[in-house]
């Protein structure tokens, strides 16, 4: 692992100046990360369901965290492809959690997948696969 | 077309009680819709770039609008799969616009694709393909 | 598990009358399956690399096998969405192997993911996520 | 357009030494290509339906042709991501046709989409989006 939990936390706060709206880092390892999102009104659909875009956003930032665990604090890594399947309706008003794992880190791109869970349910509510583009000169395997 | 622009506008306001944060309906036809999003601080990444999740959210709701043009005001249609490719960096601080077109409306699912544009650029900034699940008894072709 | 290895083997032979070109069933459990493909000339690209379509075809049939382990011998289940990331170049002329696992089996659709391996490499060569449509009246959870 | 129809035809024959099994080039323009596949027994599922993998393979090679129209005869461009939605059941035993269009050609990757048609049907039978990786030093926009 090329960064610490605390270094990544500070970096994410700088990258997402909107405050905690992007989620909270929960755990970090070499090639994986876990983040949670305390659902607020802006993330809800009628009935209290967490919206699809809130799940996508959490999946996206969690993959970013997993990637940075391997390549270091690279600000210009960007998502180039995201595919997500929504599997089950999340628990109303409950926080959601994502766990991202890298499948490959190459010279110019990285691929990983993310499972999203809803507090109070055992089975995942969404599964996403993503590709990130890595700026070549910033790569520090 | 099974609904009017005004009917859909009212319906979206009820479905997204957060106000205009989901975007504004710009145009509607039989099997297609256009929506725009006035980018605010919550959608930005460092440098003023519109975030990927903001583009995904606009693509998602625009496809929903396109679908409703065909099946009517069905509240329980939900996204089951979304795939998106981010093609170009949007113009900083500029609104984004999405145009969704249906490729197929079946009995229980619909598929369509969406192009996302950034004001001030000719080429699309993102392309998304989505599947929506349609509650069977609500289907009114 | 609703079927045996032997029952599935016979069923696949009927469904794919071309002979073994679709791959060989290697292992089967409740919600998962493993299959292999002995690469022949028709699957190769210059340099002896296994083609992308050969990996996609093996991933697709392996997910079908995993699905049938749960729903029984349903001939009309069809792929509706397939997403695949090609991660690494397979070993030239070596067999490929796929392991599919279900993420969800609903009333009308099932979602799962597949890892594809190349004999002689530890890391996967491809990762795929798929949705299958299940004919409603054939469902026998 | 950086290549002619005839140059591409010869190049594809070298890249796919299996003969015509990969499809036939029908038309080529700047950033797009059309190819067809005369369905044979190896592509069929029970009932005479063209298999999903046959549609994926045709979509893949047609995107490759579209890409080469822009970057020239680069042998090492490879698919890194493919997403496909199967929309309708093709006509039994009828040829299929694909039309690929580029959405973006960058320095190291290209994105495009493909519609697949079945002879005798107006509506597309499949829609695919793909990313190709371009070897950097071979790029000749």
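Letters are used for the chains, namely A, B, C and D, taken in the order the chains are written, and counting of residues starts over at 1 for each.
The rule we apply is simple: contacts are C-beta pairs under 8 Å (C-beta built on N, C-alpha and C of every residue); 3 or more make two chains touch, one makes a residue touch a chain.
The model shown is predicted, which means the values in this text are computed figures rather than measured ones.
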Between B-C and C-D, the pair joined by more C-beta contacts: C-D
Most distant chain from chain B by Cα centroid: C
CA centroid of chain B to CA centroid of chain D, Å: 28
Centroid spacing, where centroids are CA-atom means, of chain C and chain D in whole angstrom: 22
Between chain B and chain C, centroid-to-centroid distance (C-alpha), Å: 33
Where chain D touches two or more other chains at once, by residue number: 80-81, 83, 85, 131
Chain C residues within the chain D interface of the complex: 14-18, 21, 41-42, 44-46, 51-53, 56-57, 60, 75, 78-86
Residues on chain C engaged by chain B in the complex (per definition of touch): 80-81, 83, 108-109, 131, 133
Chain A - residues contacting chain C, complex: 83, 85, 87-88, 103-104, 111, 113, 123-124, 127, 129, 131
